[in-house]
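Several structures are given next for inspection.
Shared between the two complexes below is chain A, which pairs with chain B and chain C, respectively.
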Partner chain A sequence: MKLGSGKNGLIINIFSIVGFIFLWHVLIVLAREDIFNIPFMRLRDIPTPVETWNALVGSMFTRIYGPALTYGIINHVEASLIRVIQGGVLAFAVGVPLGIGMGYSKLIGNILNPMVEIVRNMPPMAWIPLAIFILVSGGSIFIVFIGMVFPIILNTIYGVKSTDPRLIDAAKTLGASGSGIVMKVVIPSALPSIVAGLRIGLGVGWMAIVAAEMVIRSPVGLGYFIWNMGDLGRYAEMVAGMIVIGVVGYFMNISILLFQKRFIKWAD
Partner chain B sequence: MNTSLKILLLVFAALLVPGCLQAAEKAPGEEDTPINLVRMGGQDMVQRLSTGEIAGFVGWEPWPSIAITEGYGKSLLDSGDIWEDHPCCVVAYDNDWYEDTENADEILNRASLIQMKSVEYINSAKNRSHPDHEELVGFTMEFGGLTNRDAAELSLDNVDFVYMPNIEGTQTFIGRIMDFGIFDVDKWKQSGYQTAEEYANDLITTEYVDWAIQNKDMPLTELALPETVTIRYGYLINDVHELPFYIGWKKGWFDDVGINITLAEGAPFQNGAFQMQKGFKAGAVDIGSLGIPPVIIHRINSNDFTIDDTKVGVISGMNNEGSVIVVANNINSLRDLRGKTVGYPGPGTIQHVLFLMAADKEGLKVSY
Partner chain C sequence: MGRLILKSVSRKFNNSFAVNDVNLEVNEGEFLCLLGPSGCGKTTVLRLAAGLDTPSNGEIFLDNKKITGANRECGFVFQEYALFPWRTVRGNIEFGPEVKGMQKEDVRQLSQHYIDLVGLTGFENHYPHELSGGMKQRVGIARAYANNPKLLLMDEPFGALDAQTRNIMQEELLRIWDKEHISALFVTHSVDEAVYLADRVVVMSARPGTVKEIFGINLPRPRVRTGPEANELRNSILKSLGAEIKKLMLQV
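Let's turn to the complex of A and B:
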């Protein structure tokens, strides 16, 4: 998703955000005054935007109360991002070669396709119990890897298969070897699709890391933070953490888009 | 790059840069390296200590006794070493249920009486030569989910069962919870309490235990309510601290006084924080047993003060002490745990607060 471009787009964006915050505030106030409520929900327990903002500011940095050291949101973001980057690098290193192999060679494709098709339909969250019991450490990174690797594989296959056959024929005519064709024709042609897979994978990985941190033991991470705040009944901090998750995810997406625009200029 | 994107990137940078600067300024030295508390269930604590994934845990009985008798670790500190005779679990009622129930006081009188009777039964039967000792060990193994008799015996030894609520100890807990920054400051202001003493006195009443003491020699059936009432009871899973409730229930004493116990939706709860939020606040629990710190914390933090939906009242004690810091055999002091991972039941539990108190005495830092 992109924010609107141009002055009009920016104005609409600002009004949209302000309108949402206003609606949020009004709903909570009405619920607290017993004027309106959504059935089966306890809207009154949701913090108002002002309470959430105060909680966000108050919990941004590490705080120390006597022996108790509570990490700031900034530290939790850092920890979660590092895990996503580690899982992402692993997924990229595994997913791209596999995708190129499966896309370029029918034999490799036929061998690996059944496994990929079955395993990719298992959501990353379904791997969490296995990660808890099997892995001594790195469970969260493993979950990110699972979340990211399949979009990368599938998009790489698509990119490789979409390579213009005329380009491959031309390279062959000019005497290029098999590896030369892959390195100089197929990969550059597939790169926009690979980056698109990375972008989709990052989104899945980011959602997966937050879920994994809620379950897999770790003293720091955004998932852990919002779960802890919920346990302490500090709902404003909890919602602030949720918003930060959304904002960081948004910026990750934008970063990849910018990367694509800047470095892969041949992509549409 | 369009203007809106630039603005957003600037905001993001503004958030990240101070964080990085702060991290650089406050990079902890070895002396400041915190002990990392990580939330997990009791079974998980024992299993992860046995595989060396955690250096220790602070837990309620029977988990410490299981880990110790199985040889996975040793007791570093009993909670009585951290604070002698500290209050632990209590019996509490939901204020909404109280206001909606005509004979709530009569029910609470009888619930306190059963609590007292159960505690007296346990304290007598703890003696290994007592004729009821075998039965007590059987109840402990059933309620604690134990298969190891030695662990059941050790659990019973480690817990001091009581029925009198401890107001002074509760005041101390409130003070420490404030010191440790666990209260939501705005919610504390909304509560209107000025001091820990005022809060503790509003939270706890001894009138039901007083009635129980006056009537302790009466046969239960003579004290039966005119009509049987059904109570939705909440308690913590496999927590030997709450054995008095289980004994009163299994021996039929609640039935004798006309109270039909049913398990509240969600019970048994994983920890006191869940019980306060998903039980009392959600209106699913009428009466329940849980640690006093979750009561203290959530009566403030989770409460909507316009309707006081998390208001509970404490009517009797359940136990004092009974938590243990268990560590791997190569750990010899709390200081040795710096930089290591220690399991605990969750933020705001009694084990959390006790661990912070132990670390405070040693001048150590604890992250959670």
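Let's turn to the complex of A and C:
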């Protein structure tokens, strides 16, 4: 759901964020003072909001310690984003034509449906071992591709299939045929669904990239960063990284929604 | 130009006739109204004439050319407008000329001509969802006209409008039609509308639809909706149509 909607929505949203941070702080402090603890949890090891904030600020940019260089969160975000964009462009380039073909032609639909229906049920993470095994490089991009391509295909098919047949009739009486109908009626009519598929796909792709980076190691990437920080016991940095993942994902979603509003005006 | 002939045309759906043995002629420059109870095959006849559907039996000719496949010489005006929602008023009207591969400036000039003709000047850049029903159908009419058709096919184009708008649109349609006289086959289920618009009114029987009776309306235009001759014609058409509607009600 979009933030800041409804009566006083934004004010309530701000209060809820402040309230959550306060609760988080109180819980950790109580655990550390041995006053209260949730059974079976090591609450005391969780960083407080202030520690997390300091870790976030402290590790935001690249720093050099003597001979060693640690990448900043900014660099990790950039690396992960670039992978998601690369995988996303690939998924879009493959998924949209496939979806149009499968939605528009019964034959193509029947040929590809069995594969799509089985393969789309394999989570992107299940592909990680194979990606490591067969790909020399770009394994994480491939995982993003797998995560994104199916939402795009399925939404494109849906969009194509829900093209109003009367609009196709109208185009025919106006002289359009074959490719003209696809280009001038089917694709524009499916566009809102295609963009919706892209939005859902980006959400999946963002989750997939973090998981992939934990396994398919490279010096930069948010998944790698939080895993590494966890390994080193630097939990404040780790939690800061997690929050960054959530915030970046949120803004990706919002930017597609804004794009939709701006460029797909007709779908009131 | 624009002479439509249907020769014993039938169309079966699932082995049962929707229309059966329809013989019909729309003469050059004639305004013909097709009247009939719902489900009698009026839309089917229009779709067949437009080449959007093929008859199970019989043949259809437009200016002595047999119709096979979608016919771009027909301008179709749809019941629920069927405008392209992602195109503006201008974009909708330019669809046909664009597909034809006309020069950009010519397309623009043509669309402006029809935008002005149907009274949508100032609304060029509006999207369909921003328009009222009457305005949408003005776009529908302009879009059909801009394709330079020999024959206008209109499927209850004003059926979704309120009575007042409907009357205005009927007058507007005749005003536009007067400027560029093209043969027109106009489907309606309103006797008033048929008597106001048509040169001839064709009453169809209940399903399976066929031509039941033809009435000539030899009244000068612009017509007075409530004149004595109009009233008399309305009565005889209503009687003919009423019998078919009764049949329909007894069937179910």
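The working rule: the second predicted complex is superposed on the first by the 264 of 268 C-alpha atoms of A that agree within 3 Å, B and C clash if a C-alpha of one lies under 4 Å from a C-alpha of the other, contacts with A are read in each partner's own complex, and residues count from 1 in each chain.
By definition in this document, a residue touches a chain if its C-beta (ideal position, glycine included) is under 8 Å from a C-beta of that chain, and two chains touch if they have at least 3 such contacts.
Not measured: the values here are computed from a predicted model.
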item: Overlay on chain A: chain C relative to chain B, clash or fit; value: fit
item: Partner contacting more residues of chain A (chain B vs chain C); value: B
item: Partner chain(s) touched by A:L174 [first = chain B, second = chain C, both, neither]; value: second
item: First (chain B), second (chain C), both or neither touched by A:D45; value: first
item: Which superposed partner A:K265 touches (first chain B, second chain C, both, neither); value: second
item: Partner chain(s) touched by A:D164 [first = chain B, second = chain C, both, neither]; value: second
item: Touching partner for A:L191 - first (chain B), second (chain C), both, neither; value: second
item: First (chain B), second (chain C), both or neither touched by A:L69; value: first
item: CA minimum distance (chain B, chain C), superposed complexes, angstrom; value: 21
item: Residues of chain B defined as touching chain A within the complex; value: 1-5, 8-9, 12, 15-16, 18-19, 22-23, 26, 34, 36-40, 48, 51, 53, 179-182, 184, 186, 271, 273-274, 276-277, 297-298, 300-304, 306-307, 310, 341, 343, 346-348, 356, 359-360, 363-368
item: Residues on chain A engaged by chain B in the complex (per definition of touch); value: 3-7, 9-10, 13, 32, 44-45, 51, 54, 60-72, 74-75, 77-78, 136-137, 217-220, 227-228, 231-236, 247, 250-251, 254, 258
item: List of chain A residues in touch with chain C within their complex; value: 164, 166-167, 169-177, 180, 184-185, 188-189, 191, 264-268
item: Chain A partner contacts - residues on chain C that touch it in the complex; value: 47, 50-52, 70-72, 74-76, 78, 80, 82-87, 95-96, 99-100, 127-129, 143-144, 147
